[in-house]
Structure formats: C-alpha cells, structure tokens
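These notes open a run of structures that come right after.
Paired with subunit B in one complex and with subunit C in the other, subunit A is shared by the two complexes that follow.
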Partner chain A sequence: MNGYLVSEVVDPANPSRMTLQQGKQLSGFGEYRDDGGVVGGCWVYSGSFTEAGNMMARRDNSDPDGAGMYLNWTFAWPANRRIIYNRASCDLDGKPWDASRKLLEWDGAKWTGYDVPDISPTAKPRDVGPFILNAEGVGRLFARQLLRDGPFPSHYEPFESPVANLVAPKVRGNPVARVFEDDWKQLADIGSADFPYAATTYRLTEHFHYWTKNNHVNSVLQPESFVEISVELAEEKGIAKGDWVRVWSKRGGLFAKAVVTKRIKPMLCDGRIVHVVGVPIHWGFVGAARKGFPANVLTPFVGDANMETPEFKAFMVNIEASTGPVA
Partner chain B sequence: MTPISRRGFLAGSAAAAAATSLEAFGFSEAEAAVAAAVKPFHLTNTTETRNTCTYCSVACGIIVYAKGDRRKGEKADIVHIEGDADHPTNRGTLCPKGAALRDIVKSETRLTQPMVRRPGSDRFEPISWDSALDKIARALKDDRDANFIEKNEAGITVNRWLTTGFLAASATTNETAYATYKVVRSTGILAFDNQARV
Partner chain C sequence: MTNPWTDIKNTDLVVIMGGNAAEAHPCGFKWVTEAKANRGAKLIVVDPRFTRSASVADYYAPIRQGTDIAFLLGVINYCIANDKVQWDYTRAFTNASYLVQEGFEYEDGLFTGYDESKRDYDRSTWEYQIGPDGYAVVDETLQHPRCVWSLLKAHVAAYTPELVERICGTPKDKFLTVARMISETSSPAKAMTSMYALGWTQHSKGAQNIRTMAMLQLILGNIGVRGGGMNALRGHSNIQGLTDIGLMSNMLPGYMNLPLDGETTFNRYMSTRAFKPLRPGQTSYWQNYRKFFVSFMRAMYGAAARADNDWAFDYLPKLDVANYDILRAFELMQKGKMNLYFCQGFNPMQAFPNRAKLVEGLSKLKMLVVMDPLQTETARFWENHGVYNEVNTVEIETEVLQLPTTCFAEDEGSLVNSGRWMQWHWPGGSPPGSARTDTWIMAQIFVRLRELYRKEGGAFPDPILNLYWPYADAEEPTPEELTKDERLPRLRGGRSR
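Entry: the complex of A and B
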C-alpha cells in the first residue's frame, strides 16, 4: 500500500547520480510516477511504511508548543499531515491568525511550523491560496457543482411535518431529495390528525448502534427498549413512568416502556403545541439485552438531497398507553 | 529475558518497599504474613498489545491484555482491555462502550463460524468455510456469466456487472479495505457500498 520503486530514478540534472534506488519503499506520494517505475496501491497511504520502517507503529507522543499535532505518533494520510488545508490557519501574508495556536508560518523563504504544510513548502503566501484543490485557491460560498441542494442549503420542513412550510406552503420536504414513488404513499399527510406527534430517533451513551446489545456490560447498563416523552404528554395520554406504550407511524408500530422526562419539552409550532416522542434505536431480537422493536419500523424512506442520509430524525407518530406486546 | 510491563514493575516495587520497611522494625513474621496476603496483580505476566477501539471514528487507543504463552503451547486469552494512557486522542479514557470492550470479545452471541440460512428456512445453521465460499463463488459466477455487460450500446467497452451488489465492512484495517476494493471492482460490480452508511 505504501508503494515501491521497480526501477531506479536518476537526477535529471546529473545523470550519473541516482536519486531513488530500485526496490526501495517510497518515502511519500511525491515519488509516485506515471512511467511504470512505481508500484503502489493507493497514493494516500504512501509514506506509511517507508525504508525507515512502519511509520504507523510510531509511538512518540511529544507535542511541541502544545499544538496538538503529534507528528511522531503513528501516521496520518496524506503525507503525515494532521490538518488538511492548514495554510488557512494563516493570514494572506502567512502569519498565524492566532499566534498562540500556531500550526504554520511563512518564514520568508518557506512554510515552517508544527504540522506538515498542505501547500508547496516554498509557495509564496500571496501566490497560492490555501484551498489547493479549488482552481481559485479559496473556499467557496456558492456551490455551483456537485451538490444537488445549492448554492445555499435552504430550510424545508421534514417530509412528515405537523405544519406546512411557512415560506413555501406548496413545497413538501426538500424538492431535490430522493423519495421513491411507493414511499410517498407511506408518508402521513402534513398536519395529519392520525399522527399528531413529532418523533425523533437517537442513540444512548451506553450503546453503539446494534452492536452492543450483544455486550453483557452494556446490556446491563441499558437493558431494554424505551421511548422518551414529556411530563405534559404523559399526563395528557394517561401514561405513567415505566408503563407500556404503543407507538406507531404510517409505516409500522412498536411497543416499548415509557420514560417520562423533563428533558423532552413540548414545542410551539405555528401557534400550536406539538409533543415529541423520542425513540432510542439500539434494540433487536438477538443479543444480551432484552428483545425490543427496532426503531426503523417507524421511520420514513427519505434520502437527503446531497448525501442520501435517511430522514430518521423527524417524522410523525401516534402514541397510546398499552399492555405491552403479546409474547 | 521477559520484559517487565510498566504495571508489573510498579506492583512489584510497592510490595518490595512494604516488606523492606517492616523488616527494619523487626517484623519478619509480619513481613511473611503481608507477602502471603498480597494478591498477585491480575495483569502481571500478561502481554500488552496496542490497538484501536472497534467502535466509532474517534479511534481511541486501547491496550489489550492477554494471558497464556502460545510458544509454550498454552492457549492465549484476552483477560482485560483498557484505554491507552499514552494515546493523544483519549489519554487512557474510554466511554461506556469502549470500557466494556472485553465483553464484545467474549459475547455469547458473537459469530465464530460461517452461518447459512437456506432458502425457505427460518434459521441460520453452521456451514464450513469451504462450503460457504464455494456456494458464494458459484452464485456470483452464475450471475456474472448471465448478466455481465462487456460493451454498451455505443460499442464502448464498459465491463460492468450491475445485477450484484457488495456491502463492505466499516470496522476493518486499511489493508482489508484495499483488498476488498480490488476484488469487488475487478469483477465489474458497480453497486459497492460500505456498512458505515447503514
């Protein structure tokens, strides 16, 4: 993965001098060539295993000036650089924006400092900008390409929402988000009386996705599925702490114990009280924890406009007191 | 010579210091009683292996302690996992998930062999690696032979295989990820994603 030389490299200025020897590991991706003289799997890992040994096994945690770079601790791609675009930590003339937190500095001839410069070491400050992968060398406020949602991201209500979008009432959800035709039919209407409560999914400190339900200690710490509701909603629905409840959306439903907290508060949306149901996600049908319903029986199949991230953080449900699932 | 671990050295020197001062006062019997009562530190004679926490992308440093010398024919076993005090990311600390890592190694529901759920069956059953790989290879080859697209409508060579997808793991080494990519892409599979997105 580091890359090695299959043929030697001679100094173009002095052909009798060999700069790189055949069979040697590359010291970095700068030595990659397109003439067949280098074998390498992935340029970004070049420099991770050099002639000096395994750079990833280095364990020197010294940190000059408390900059937090730890350049001799393992290896970071690319080129052991710890912060990409780090030239942006300096002003146009190459002085650090904050001298007490210096990463790099232009010393008049080259870039010096505590991190590996993400710019040619001798590129003069006003000649080359910090964002070296943009032709203009600076960051972009306007996204003209690559993103579907741009130039600026706009706010849209979720596809399932207690209220219409006040700015553009006819637009439902993000118009450039991905929703398959059949999935549209599984969305509750805006402001639907059948699904009056906003729901959100989240994780607990004691669990990692669906992995740690197989872990004894984590399953002792958080043993069973629950939903979290406000004191106000619990009162309105006659639900006491620890009671079984049924929660359902237009797509599916689950049974869980109710945890009643002051942490979850009713929201005021367009002059109307909207209660929130919180649904932690960590349970399933195998493992050391008790069996529980997966949260995604409730959630909608919507991919966000740019990254296709599912809209699992905002959807509409109903809730009622229950006697629990039939075993 | 077996290298003495940092903790083994500390535990040893504390016991020695206690014994020496007691002896100076003439408590030789007491000394023996103390020595007999001191429980050997449970990480003495363990092998320390540095690693990275299996869970999130913070990538905290951990130390895995194993007991049992395989060179002597003993069975090596992980007895303890804790945060790496030298690691700049976490300075020895771990969250409730990382702190319980030993139990994910020891989990009763951990997969220890390939399993198959046959068509129409409602349960997984064990299968040997050879049979599992043969089965997978057969299914892949049949589908690829039937559906591989060598050239597109314009006659340009595309070498695509669109009828099979591959989901790769997120918790793997760089080398595994690299090898996975090479294998999957070399078959022409385009639908190739990572479990980190799921």
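Entry: the complex of A and C
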C-alpha cells in the first residue's frame, strides 16, 4: 500500500512473459506515476512504510512547544499531516491568524511550523488556496453537483416523524433517499396516532457494540436491556421505574425495563408535545449477558441519500406498561 | 477527523452535537477535559437527552432528533445577521464569491431539476458560471445576486430563532445562547471544534448534517486551525481504515471509485476524473488521479496490468446501480436474488435495521459464511430463542459456516484511528482454538479458487489468475508483506524477517 518503484523484466521462469522487478519503497505519493512504474495499492497510505522502515511503529511522543501534533508518533495519512487544510491556519500573507496557536508560518521562502504543510512547502501564500483537493482551492459553501440531495443543506424531517416538514409541507423525508417499495408500507404515517413517540438509539459506556455482551464483567455492569423515558411520559402511560414495558414500531416490538428519568424531557414542537423514547442497542440472544432485544427490531429500512447509512436515530414508536416477555 | 484527538486540547469551544463523547468515546474525551482545565474552554451539548457529555457541559440545549440541519442553518443565519463571520477567511478560503449558474433555484424544499418518479435530481444547473478563460467567475465584493454568498444568505434567512424553536423544540432563549457562544469563535483568536459521531451520520440526510456544520466552521474560520475542525469520532477502532481502503461496493482504495456500466473504456472513465483547476494556479490534487489509479492497478494485477491493455481496466467490475450497499444486499436476499453471503467481522442481525426483514433475507440464502472472533446472532439467526428470535428452524435451509478469526489483540497489523493515525500493533497473545487471522482465511480461499480456475477455466478467469500475489507463502501473507505489497524473507514461525 505504500508503493514502490518497479521495472518490467523478462520472467526468468517463463521467458515468454514479463514480470516486475522491484525497486525502492517510495517516501510518499508525490512519487506515484501513471506509466506503470509504481506498484502502490492505496496512495493516501504512501509514506507509511518507507526505506527508512515502518513509520506506523514509531512511538516517539515528543511534542515541540506543546502544539499537540506529535509528528513522530506513528504515521498520519496523508503525508504524516496532522491537521488537514492547515495552510488555512494563516492569513493571506502566511501569518498565523492567532500567534498563540501557530501551526504553520510563511518565513518568506517556505512554510515552517509544527505540521507538514498541505500545500507545496515553497508555494507563495497568495498563489495557492488551502483546499488542495478541491478544483477551486477553496472550501465549498455551495457543493455544486457533489451531493445527491442539494448543493445547500435543507431541513427534511425523518421518514417517520411526529410532525410535517414546516419548511416544505409537501416533502416526505429526504426527497432523494432511496426507499424500496415494500419498505414504504412499513413506515408509519407522519403524525400517526398509532406511533406517537419519537424514538432514538444509542450506546452505553459499559458496552462496545455487540462484543462485550460476551464478557461477564460488562454484562454485570449493564445487566439487562432497558428503554429510557421521561417522568411525564411515564405518568401519562402509568409506567413506574423498573416496570416492564412493551415498545413497538410498524416493523416489530420489544420488551424492556423502563428507566424513568429527568434526563429526557418532552419538547414542544410547533404546538405539539413530543415525547422521546431512548433505546440502547446492545442486547441480543448470544453471549454472557441476559437475553434481550436489540434496537433494530424497531428501526426503519431507509438510509442516507448519499451513503445509505441507515436512519437509526429518528423513528416513531408506541409504548405501554407490560408484564414482560413470556418465555 | 480533520484534526487529531490530541489537538482538541487547543480549543476554546467544544460543540458536541450528533454524539455523546463522554459516554461512547470516554478515552478521547480526556482532551475535552484538558481544554476545559487548561484553556478555560467551554463545552456545549445539543442532544435530545441530557447525556453524560451534557452532565459536564457548560451549556446544554435540547433538540428533537432529526432536526440538526434546521438548528445549524439557524446558527449560520444568526452569524450572518449579526456580522459574526471571519470575513478575510470566508472571502479568501471559501467559494462565497463564486457565481452560480442562472437557472439554479430552491423552492418549497426542492432544488432545480427534481424528478419525483426517479426520486432524483438533474443536477446540471448546480454549477458555477464558467468564464471564457475556462475558470469559474467570481465577484470578490460578494455583492452579485448570483454569488454563493448571496444565495446562501437567502437560503438560510427562513431559519429564524422562532422557526428553529418550532421545528427543533429548542426553546428560543436556549438556541440564542448556543448561537451566541458559537458565533464568538468568528474571531481569528478563537477556535471551535465540532465533535460528532453516529448521531449525525445515522439519518436519511446524514451527509448534509455534517456538511451544515462544516459550512458554519468555514464562515467562522475554524477549519485548518489548531483547536478547530470537523471531527468525526469513529465508532470502531479501524472504521477510518475501512473508508480509506474503500471497503464499500462502489469504492476503490484511496477514495477512488469503481467504474459504472457506461464507463466501458479507461479513457471514458478518466474523462470525468480529470479535475482541472477551476481557478488559476490551483493545486487540484485529484489531477493526479491517473497516477493513483494506474499504480493501484499495478498493485492488483502486477505485470498483467499493462499500458497496451489500459492497465487491465476490463478486469474491474462495472456498477449497474449506484452501489450495492448493505441495505440493497438484504433487499436482494429477501427477494431471493442473492444466494451466498460472506459476512466478515460484522453482525448485521444486530447492526442493520428492521430485524424481521433481515431474518427473512438470511433464511432465503443458500449459504452464509460468518468470519468473526465471537459467536454472533447473525451466525445463529436460525436458532429459536423464544420471543428474542422467533424463527421456525426446520423451515430454514440456509447452510451456515462459521470461520473463527483472531481479534485485534491476537494479530499484527495497523489500525487507523479517528485522527487518521495509522498505528502498528503487535499480538498480545495467541488465538484460542482453531481461530486464524482473516488474512490466512482469505488467502486459503483465494489460492483454492485460483487453482479451480486454472483447472476448469471459466467465462473470464483472467482477473483471478492474474491477481498480483508475490508473497513468500501464498497461503499466508504476513501483515508486513501486505502493507508493502512485496515478498519478504521469513523467520522461523512465519513472521517476516
């Protein structure tokens, strides 16, 4: 992945074929070539394992002037640069915006300082913009055609929401997010009385995803699955702290213990009270922990318009007091 | 992260929105503590819950989940209306002065070019005006009605504190306090850092959540400086590495991408990846795309990638849809269109949405292979666990193979952290039982597959037969060999050198 020089030679094992003869490991991606003279699998990682050795194995924690950059600790891509777009830490003439927080400085001939400069070390301050990967050389407030859902961000409600979009009442969710046909049918209507509460999912310190439920100690620290609701919602639904509750969405349901807390408070959105139901994600049916329900029995099958990351953080549920699961 | 974890100590203001670092990133959160203790930095938390991060914050404001863009556009509106913009930075280092094509508009929640039947845009008007010299036209006074700054001002004007309160449920006075604290970092002597995680990504507009904060950070002059930046706190220790290496169906290593169906030749593929500078003298580093791509193809196919076969461009698969993400994969499974699923280091039965649909999909597979250091729900999706997994086992015909792997403490290699640090690590112990490294397993499969293609041929065996595999032991490349793409002498016991 670092990249090295190669030349083509006749394969000694099979004279009718060519093979590659290896030269030196490169010191960085600036030496990559488009004529086949380099074997390099991942250009951003170039410089990580050079003729000088394994840069990723370095453990020198010196930090000149306490700048926090630690240039000799492992390797940071690209090019061991610790803060990207770092030329922007200086004004147009190359003086740091804040002298007490200098990162780089133009000394009249080159860029010097605590980090590896983003732009060529001898590029004059007014000649080259700091955002070197962009064809403009500047940061984009207007994203051109690079995102599917707009060059400016705009407010869109989640696909399941307690209220319609106040800015654009006719628009449901993100108008270009992909939804498969069958999944539309499994989304609750906007403002649905059947699913009136706004749910979200999250993690707990005591667990790492679904790994540490295999570990007895972590399973003792967070012994069973729960959902978090406000004092107000608990009163409204007749739920006491520690009671079993059933929570369900249009896709499925779960049983969990109720944590009734002041950490969640109802919100007033355009005249409507919105209650939040918090659902930690960690439990399942495998491991050392007590069996429990994972949050994904509830969550909707829709993703981000650009990356398809699922919409785990905002969906609608109902909740009621329960006697718990029947095993 | 644009900045490293260690740099958070240099900040004046930490904004945690779309995450809960004190709870989910407790080790990294120490840099927030450093900034508060040594610099007097302030911490703001905006979240639907009063989280562990909020409990040590200087200011907390509630927000309804899924409304972050409205909140942040409200802050941008506040900064513009109150002249809290780092003007020199915004003029010189952003595209505020660039003129946008006539014809681009925003109305009723939609931009120009929307096609409802396709749920997609024709994006052709979302572009700069290009002058006769081939460069984007700019107005450095920021007065032109078509310049990005004018369009941005008009776009955010609707997001008043009153509207933010109605959408987000954030009381107006709390919103205004947060906006005021953030706006103070428009001073060149103040920096703000944004720390976010899955609370911003896991939305149907996740990319735009992050982009809105990035825009705010740009007009405040907080990108590229110590104590500033857009800092994505990654959820797994090596998920940054996953992105870098391009482990998505549509990506190649180093943020390059796979060709689409229409890109049938190398020249055609390169024609949309030329990245000519849009202003005089600019670096436009992606101009080097061809160098990165050709070197990558050499690393993939060695001497079989040659100038006269366009560096084996035809070996690469071409995408008929935008991507085969995991949601699409499970959709295809559920529709009976995907038969074999290789699940490496991943527990989708827990980690992906709508479990009922996932179980249905897995049940229709012919074979499921799970590579994991631990027992997972995915590997046991066919087991009945009462209410916790109500399946009818006898009706499921999927064959499941479990290949136990090592975990991070049992193997050698590099992990890339959130701050883009590639940190080499060494095994702290031996793997239990029959667990083997992921690379050993993949190498075993590859060597056997290659042998089958050698013997039996096939429609197009060339990409497999010619895969560049120079390692000393084809059945077990070492981490050093994989990192350097080369054959290295072995020590007894199998390690390089």
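The rule is short, and it goes like this: the second predicted complex is superposed on the first by the 305 of 327 C-alpha atoms of A that agree within 3 Å, B and C clash if a C-alpha of one lies under 4 Å from a C-alpha of the other, contacts with A are read in each partner's own complex, and residues count from 1 in each chain.
As a convention for this text, contacts are C-beta pairs under 8 Å (C-beta built on N, C-alpha and C of every residue); 3 or more make two chains touch, one makes a residue touch a chain.
These numbers were taken from a predicted model, which means no experiment stands behind them.
Q: Assess the superposed three-chain arrangement around subunit A: do subunit B and subunit C clash, or do they fit?
A: Because the two structures are overlaid on the shared chain, the partners are seen to clash.
Q: Just checking: does A:Arg140 make contact with subunit B only, subunit C only, both, or neither of them? Give me first, second, both or neither.
A: The answer is second: A:Arg140 touches subunit C but not subunit B.
Q: In the superposed arrangement, which partner chain does A:Gly41 touch: subunit B (first), subunit C (second), both, or neither?
A: After superposing on A, A:Gly41 lies in contact with both subunit B and subunit C.
Q: After superposition on the shared chain, which partner residues are touched by A:Trp184: those of subunit B (first), subunit C (second), both, or neither?
A: The answer is neither, since A:Trp184 touches no partner chain.
Q: Quick one: classify A:Trp248 as touching subunit B (first), subunit C (second), both or neither.
A: neither
Q: Which partner, subunit B or subunit C, touches the larger number of subunit A residues?
A: C
Q: Touch test for A:Met1: subunit B only (first), subunit C only (second), both, or neither?
A: both
Q: Considering only touches as defined above, state whether A:Trp73 meets subunit B (first), subunit C (second), both or neither.
A: A:Trp73 sits against subunit B and subunit C alike.
Q: Tell me the contact category for A:Ala288 with respect to subunit B and subunit C: first, second, both or neither.
A: A:Ala288 contacts subunit B only, not subunit C.
Q: Looking at the overlay, what does A:His216 touch: subunit B (first), subunit C (second), both, or neither?
A: In the superposition, A:His216 touches subunit B alone.
Q: Identify the residues of subunit A that lie in both the subunit B contact region and the subunit C contact region.
A: In subunit A, positions 1, 41-42, 45, 63, 68, 70, 73, 205, 211, 214, 286-287 sit in both the subunit B and subunit C interfaces.
Q: Write out the stretch or stretches of subunit B touching subunit A in their complex.
A: For subunit B paired with subunit A, touching residues are 50, 55-56, 86-88, 95-97, 99-100, 103-104, 106-110, 174-175, 178, 182.
Q: Spell out the part of subunit A that touches subunit B in their complex, as residue ranges.
A: Those in contact with subunit B are residues 1, 41-42, 45, 59, 61, 63, 68, 70, 73, 205-208, 211-212, 214-218, 221, 286-288.
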